[in-house]
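Letters A, B and C mark the chains in the order given here, with residues in each chain numbered from 1 onward.
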Amino acid sequence: MQHYLSLKDIDSLPQWVEEARSLKANPLQYKALGDAKAVCLLFFNNSLRTRLSTQKAALNLGMEVIVMNFGSEGWALEYGDGTIMDQGTSEHIKEAAQVVAQYCDIVAIRAFASLTDKEKDEAELVMNGFKKYAGIPVVNMESSVGHPLQALADAITLAENNIKKRPKVVLSWAPHPKALPHAVANSFVEMMHLQEADFVITHPKGYDLNPEVTKGAKIEYDQDKALEDADFVYVKNWSSYQDYGKVMNQDKKWTMTNKKLGKAKFMHCLPVRRNVVVADEVLDGPNSLVIQQANNRTYSAQIVLKKLLESLKG
Amino acid sequence: MQHYLSLKDIDSLPQWVEEARSLKANPLQYKALGDAKAVCLLFFNNSLRTRLSTQKAALNLGMEVIVMNFGSEGWALEYGDGTIMDQGTSEHIKEAAQVVAQYCDIVAIRAFASLTDKEKDEAELVMNGFKKYAGIPVVNMESSVGHPLQALADAITLAENNIKKRPKVVLSWAPHPKALPHAVANSFVEMMHLQEADFVITHPKGYDLNPEVTKGAKIEYDQDKALEDADFVYVKNWSSYQDYGKVMNQDKKWTMTNKKLGKAKFMHCLPVRRNVVVADEVLDGPNSLVIQQANNRTYSAQIVLKKLLESLKG
Amino acid sequence: MQHYLSLKDIDSLPQWVEEARSLKANPLQYKALGDAKAVCLLFFNNSLRTRLSTQKAALNLGMEVIVMNFGSEGWALEYGDGTIMDQGTSEHIKEAAQVVAQYCDIVAIRAFASLTDKEKDEAELVMNGFKKYAGIPVVNMESSVGHPLQALADAITLAENNIKKRPKVVLSWAPHPKALPHAVANSFVEMMHLQEADFVITHPKGYDLNPEVTKGAKIEYDQDKALEDADFVYVKNWSSYQDYGKVMNQDKKWTMTNKKLGKAKFMHCLPVRRNVVVADEVLDGPNSLVIQQANNRTYSAQIVLKKLLESLKG
């Protein structure tokens, strides 16, 4: 593996999940692997879980960690080829990526979707710029179109709680006052493609995700029908993909409740808006896996960093 | 000890001061204690001394340190029970606290008073939220109502400079152009309750601190009288407590000078406004202990972290 | 050496360059030197290269690194003697510098020129304040008037690429939409004074650097003439020094191109505005040394920290 940019970089999900669970059982077993290796974590957007869990993962592997809020502490980046840079941007991604690579062995990046320009968001300028120019492994800490560290943590959590060969897993849209990106939902769908499961996506009409991502997945617009006999319900808001970045529906009928959930386990990537996305009773009840998911973020980051370190050594 | 939230968490102040002085004499003697342990420092407000000294203390103990400016780098937190989170807050303290605890062993938090809502400030929403939900030890790096790491550093400084069994210690209010919190003054008063001393508080009328905090302490509105034969004078501004958060007096007669100080040692927690709170001649003179106080911040943080680490191991 | 504030602190540039190249060949050879030593990096301005390379250098030496964005995370500093601090500043440099020195062994500082007040910029209030009051070694990570870590990295890069006893080196001004400081150009000139070279500075009339800095250097206003037979061309924008901080010329005739460059190697400190300061063809061509310069920032910082650590031990 050269990079960890999307679920496509995983060669065998069951194998990775097993290795991650072994890391969780004994987090310091590869402490020597990261000796004299440094990872730069570059944040173009806010972060709590990703910031802390990725640092923790790197420290568990004995790596040095350098954290930078690129947006506020660095220079505004230019991505265009041939641009005459006489406006607001001070540094080109070509230089920025090569330069960062002089000071670390792996670079991890968070750069959210703008939700105003679909084409630009899907071009993944920051992530692909670093991939193209840095010459060192790049880790996606949430880009415009994916959040593969989250999806990997979700896979670990599913494995830890699953007792069936083929569980029913539902991805259920929820209302939210703000326009949110599609990254978490996209990566969750991609991850489910790599699993044995009866997988259903449910959301109001007009909220279909990118059809290239959901290709082959079952979509059911009737939430009640979708939730029937679910084993796991992953709840997440996203804004419209067709009418890109718009909030068209805030219908509280889609808010997850204990009644809707039934015996299923509840999953969410956090942060979550209580009593909008999901009722208090669910988060505070015994079926919520959200803290376990957050905990598994450390081990999804750690298995990724471990594999990249091994490929550097190899 | 489960947490270090206020002076009440100290079982024996003389014992702690003695142990802190031993750490100061040999700061790396417990370097192995923090091995494979991480502390998260979460700042909801600015910091210089606390930021640097707490990091230094943790490094002296061999801990990993993860620093986060929660206000600017994380998500706006909700504290209300049952709130329908469709407004400005993105994450509930219930999740945030549990999540942070997944990535570290101890969490230290700075969250200042708003000075606009006394009831809310006194509820200590951030500190108590983490205490209630994090499930790991919480350290107060200055909350709305207390700054117990500062007060512990002050106790160390008093001990280092004291030659009497029962010194006279005066807490003297000083003018300031801005409304400042009561946290430092409160914790200093609480700390003095744990010491053998002739302790006097002096301030203009209308500046009485919370009577629950000062209960049993001598209050003297005449500064000259209060300062008579003082051995230590701790100067600090605070805004009105009764007329909460108001600046009612900026009278320079309360500014500390060499004449007023006499032979007493001068103390202040810093940052300090020169020639408003205290004259240059005092800070630049031989009786100022302010840099020694700042230095002792490392050892007050280190003794607290050491005791929490020991309780984790135990 | 007590501090690294300007090129004047280098006793023998050839010797330093040789030692830095040895560090580059084996970066971890002095890993034990920084054991139990901490460096604080204080940023009053944005930074990418300096932030990452100085951290990397310190980690290579086994030091602890504490990074702080002083401007946004700390308190507004006062520099005036005798000021009555009842306005916007909260802490005096006298206290701030002494306090920082309680928590680290070396302090490195970035504080740019304002470009609005020449006298104040040249007084180097931040750097000189820390030098005067901190009592520990101070490293200049770019001040109002100099960027000596960059110039030292440039000297290493020159040495790595030079095949002549006396190369021709040209410092060529370039257009830029914003007013930029003189620090990089100043330190490059000062560094060239310490080298065997045919050194020429070229810029439009009205853009003369501080004559005290360029004293003895050859200045040629005709760029074509200056560039004739050059071996190295260092391109950099700066604003007017005489009409302090003004942008008087954005003439694209001064933009560096392959035609102008000829066989010379191209140097720039970065960040660089493509197709304003220099054409894409140069940066993307084989004669550009900019990434090598960025890489050498680690070793210029490392040799400086190493010498300061040795002086502390000595």
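Note that in this section contacts are C-beta pairs under 8 Å (C-beta built on N, C-alpha and C of every residue); 3 or more make two chains touch, one makes a residue touch a chain.
These are the chains along with the protein names UniProt gives them: A, B, C = N-succinylornithine carbamoyltransferase.
Owing to the predicted nature of the structure, the values given are computational and were not obtained by experimental measurement.
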{"item": "Inter-copy rotation, chain A to chain B, in degrees (Cα atoms; steps of 5)", "value": "120"}
{"item": "Same or different residue numbers at the chain A/chain C copy interface, by half rule", "value": "different"}
{"item": "Centroid spacing, where centroids are CA-atom means, of chain A and chain C in whole angstrom", "value": "39"}
{"item": "Of all residues in chain A, the ones touching two or more other chains", "value": "72"}
{"item": "Residues on chain C engaged by chain B in the complex (per definition of touch)", "value": "36, 38, 40, 64, 66, 68, 70, 72-75, 78, 82-87, 89-92, 94-96, 98-100, 102-104"}
{"item": "In the complex, chain C residues that touch chain A", "value": "28, 43, 46-49, 51-53, 55-56, 59, 69, 72, 177, 250, 270-276, 280, 283-284, 290-291, 294-295, 297-298"}
